[in-house]
Amino acid sequence: MWFYNLIVRDLKLAFYSSTNFLFAASFLILILILLPFIIDPKVNQFIQIYTGFIWLSIALSILLTIDRVFESDYEDGNLDAIILTQKPLELIVCSKFISHWIANCIPIIVVIPISAILFGININEIINIILNVLAGSTGMVFIGSAVSSLTLGNKRSGIYKSIIVIPLYIPFIIFGANQESVLVLIGLSMFAFIFSLFTTTYSLRLYVE
Amino acid sequence: MFYKLPNTLIDTLRNWLPVFYSTTLVTFSIGLYYAIYNSPPDYIQGDSMRIMYVHVPAAWLSLGSYSILAISCIAWFVFRNPIFNLFAKSIAPIGAVFTIIALVTGSIWGKPTWGTWWAWDARLTSMLILFFLYIAYMMTWQVIVNKELAAKISAALGTIGFINIPIIKFSVDWWNTLHQPATISKLSAPSIHISMLTPLMLMTIAYLFLLITLFLIRYKTELVEVKISRIKH
Amino acid sequence: MSNKLEINGLECIRDNRPIFKDINFSVKSNQTMLVRGKNGSGKTSLLRVLAGYIKNYSGNILFNGNNIKNDKELLSEFRFLGQKNTLKGNLSVQQNIALWELIYQVKSDTNEISKILNIEQILNVDINSLSDGQKKRISLARLIISNAKVWLLDEPLVYLDQDKIDLLQNIILRHNKSGGITIYSSNTDINLEYDSSIIMDDYVVL
Amino acid sequence: MSNKLEINGLECIRDNRPIFKDINFSVKSNQTMLVRGKNGSGKTSLLRVLAGYIKNYSGNILFNGNNIKNDKELLSEFRFLGQKNTLKGNLSVQQNIALWELIYQVKSDTNEISKILNIEQILNVDINSLSDGQKKRISLARLIISNAKVWLLDEPLVYLDQDKIDLLQNIILRHNKSGGITIYSSNTDINLEYDSSIIMDDYVVL
Amino acid sequence: MWFYNLIVRDLKLAFYSSTNFLFAASFLILILILLPFIIDPKVNQFIQIYTGFIWLSIALSILLTIDRVFESDYEDGNLDAIILTQKPLELIVCSKFISHWIANCIPIIVVIPISAILFGININEIINIILNVLAGSTGMVFIGSAVSSLTLGNKRSGIYKSIIVIPLYIPFIIFGANQESVLVLIGLSMFAFIFSLFTTTYSLRLYVE
């Protein structure tokens, strides 16, 4: 129950602050609008490029929002308060992962089929892409959150985060852009989960001092 | 003047709302009856053209809503009366929903007729931009902390975005696109058969009442919010 | 219901530098303790050790006879109020309270809280357009929406005027009466009652 | 060199709500004025009007006889110290001072400053690992690295202990002696000297 | 002199805080590393795609860093202090534009020729790209700063910024990806400069209250 409440809290916070689902989705759409300017949709490998773009957008929209996972709660003291409730820190971290994934990836996943249809991609490929995104985006959220927890309290670390995060995202992007790699992505995400849970928990313990 | 207005206005709105509710319901029932049963299928497109009765009114009203929004914004610049902001704020989400309906039904209709869900042509792209204008307008109020600034920026956004409306409207004439040129809303006689025109007009009226109803509800809540913020001060 | 917090030989090291050592005291239900000391003497550090945030300490902290090092769960009965005001600036007072309720898993009576804190009129105002003292007062709401047993207040009087200090005094008395313990810190003379006090001396002067 | 700050019929409106009205006073070189008042009575707002941040006011603010509304340049002689501590947490004390020097275009003597503020030992420490009182003390450095004529201090004593208050007292006296004017606000009784004081009453109670 | 000092201050701040030139450059490099995974460099329109990618990276690295132009100085009170010096606010804003451009775009411009050579792009085209980037990136920095000044004090406005900024960047990206459009880009940047200077100055006046 408290676990559920924490997730609700974060979603409420995301919602109150206008970064709700509609808006997060708009971001992907906007990036997709740029696509035709860079490459002609009639080109041969278009699906491949389109998928690459989807993954790039996911990577970027996670990059643009990971700061919010812990930073603002850390700065205003709410993180202190949450930790003092003495719920297992690992679960608190999980709840953050989940709420962040819901607020930022669900909208993307909703937009993908729509945009894919608009670009004339066929239904099998769309399902493929969505399964991949479901499997991969979780791992990307975990990694993003973990890295952002490393730099809590340092406001000027945006670029630093990108530099740490992007290389870690490369395997996701490579396999994501590939057609049949759901299993690999699930594997990667599970790996990312373990790594991130450990890192995040550890660094929160250190930071909240 | 503005400070007194809300009290009486809220009561008036409250009294009139049921009338609009019921009118919307009735016109929708009649309109849908005509659209689904009492009109002929198109001789080329077949039944898929019935989407028109949903698509066209939504498209029209999405443009109409934005025009109202833009005019309110311009009026705010001229008169600096916050009531125009309330107009624009109330209409924005409704317009956004109509835009989504037009986009989605358009895509659905596009598949059987054009053989594609979407194309990056002028009409469709400018329509998508309209959607973003609505979103950006709504977000501006929420995201900009300083309300004075929010009023200015949102009004500027709403006004500048007005350019998009004639682009949407005339895109079919200016560029050659997949989309249908104006057939009904031409200034000369409409080039559509009366048996299709009737349900279309009925549906348009139904949409219009829906718009008014939703607008009144939104406007009422906006007014109440303003009132609360005045009481607490 | 009676509680007791007992500290024996507490010593704390931060950044390889000893902050304080050999702190001993014990506080019981219905008691308020004041932590006094100069700037940098370690008042905040002491309170954060008690709240379990700083783990790099030696000595014993016993709550009702149990060492909190062995039973972390005990800490969920503690409530820490520090310099960070725990407020989201772009949300209203009410929305902030709603968020805390989800953290502490209580459904509180906003009316009563706002009456106690005398914030009825600003419930719908955004935090950003409140004065410093008003913000501080709102942050006290976090104490009363759920009943923790031990309150650790780090310089709670900062920004509060005399009326609001009296208000806090009442809140603390009410809390203590229901079996609570209050420990607060201050670096100047203040007019808030206390039953006992300890003075942090500058173990290492900075 | 003698300066004079004169305020006539000052009135301020924020968020469509009048905060204070009809404020009149005048302060001369070598004088300190205290602004007293309850939470939310408008002390901070008053100081921010004087510093030219809040422009939505009526009435006159005359510095040496010139209305600051007509000659903004006069405001460059003012220095405002508020709740935001103007410190970059991940930089050291020294680095922070270096950044201020670039803003105020002075080359100051860090040694002297650190002697005055008694911060020699923490010059190379990151702001993040200082106590609240230490941070507040560092932020005072912004006053003394360049000589402004009018100091506007919003609750300057918060977090400072008695020694540091005395230290601030000396800094203010030194400033005033060299022709300066000091205005500071407080919501409780404090032991910092002042020559005159005004009380903000709750024009609109919140 | 004070103008120069303000720029030095911002650059010092950027340098102290580890977001120095090396890091900003690494960001572009990382994005370019992703490129071969999304599209085969031997494809026909590769130069066009490469240029598109360069512009995309510039857009994104500006998006990721515009928060820093005013936000942190606003939050810790330094913006108050700077404004109280009563230097003309327009010039203060200009100094911010310049220092931000130096800290974030110069590194990118340094990386471009190196990466272009690695991708086997010929020297004329490289010069072309660099001229375009020089002309266009300034305008993008102006716009980014202006939009970020609108949402001062709201930490959760990342997505909003993107939604407003990206459409404004589209003309830059379109013309930037084009070969011979330096003049157009200069025009766009000048236009952006006027718009941004006005907007930023205005919103700072309102925010510092």
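For reference, chains read A, B, C, D and E in written order, and residue numbers begin at 1 within each chain.
Keep this in mind: contacts are C-beta pairs under 8 Å (C-beta built on N, C-alpha and C of every residue); 3 or more make two chains touch, one makes a residue touch a chain.
All values reported here derive from a predicted model rather than from experimental measurement.
Asks: So which one's got more C-beta contacts, D-E or C-E?
Replies: D-E
Asks: Same or different for subunit A and subunit E, where same means more than half of the interface numbers show up on both copies?
Replies: same
Asks: Return the distance between the CA-based centres of subunit A and subunit C, expressed in whole Å.
Replies: Centre-to-centre distance between subunit A and subunit C: 36 Å.
Asks: Give, as an integer number of Å, the spacing between the C-alpha centres of subunit E and subunit A.
Replies: Comparing mean C-alpha positions, subunit E is 24 Å from subunit A.
Asks: How many Å are there between the centre of subunit C and the centre of subunit E, using C-alpha atoms for each centre?
Replies: Roughly 45 Å, centre to centre.
Asks: If I count partner chains per residue in subunit E, which residues reach a count of at least 2?
Replies: 13, 17, 72, 75, 153-154, 156-157, 160, 163, 167, 209
Asks: Please list all residues of subunit C that touch 2 or more other chains.
Replies: Within subunit C, residues 14, 83, 89-90, 121-122, 128 contact more than one other chain.
Asks: For subunit B, jot down the residues that touch at least 2 other chains.
Replies: Where subunit B meets two or more other chains at a single residue, that happens at 132, 135, 139, 143, 145.
Asks: Could you list, by residue number, the parts of subunit D that touch subunit C in their complex?
Replies: 14-15, 37-40, 44, 83, 121-122, 129-134, 137, 155, 157-165, 187-188, 206
Asks: For a test of understanding, state which residues of subunit D touch subunit E in their complex under the given definition.
Replies: Per the touch definition, subunit D meets subunit E at residues 14, 48, 51-55, 72-73, 75-76, 78-80, 82-91, 95, 98-100, 102-105, 142.
Asks: Mind listing the subunit A positions that touch subunit B in their complex?
Replies: Contacts found on subunit A: 17-18, 22-23, 26, 29-30, 33, 36, 41, 117-120.
Asks: Could you please specify the touching residues of subunit D with respect to subunit A in the complex?
Replies: Per the touch definition, subunit D meets subunit A at residues 89-90, 128.
Asks: Which of the residues in subunit E end up touching subunit B in this complex?
Replies: Residues in contact with subunit B: 150-154, 156-157, 160, 163-164, 167, 202-203, 206-207, 209.
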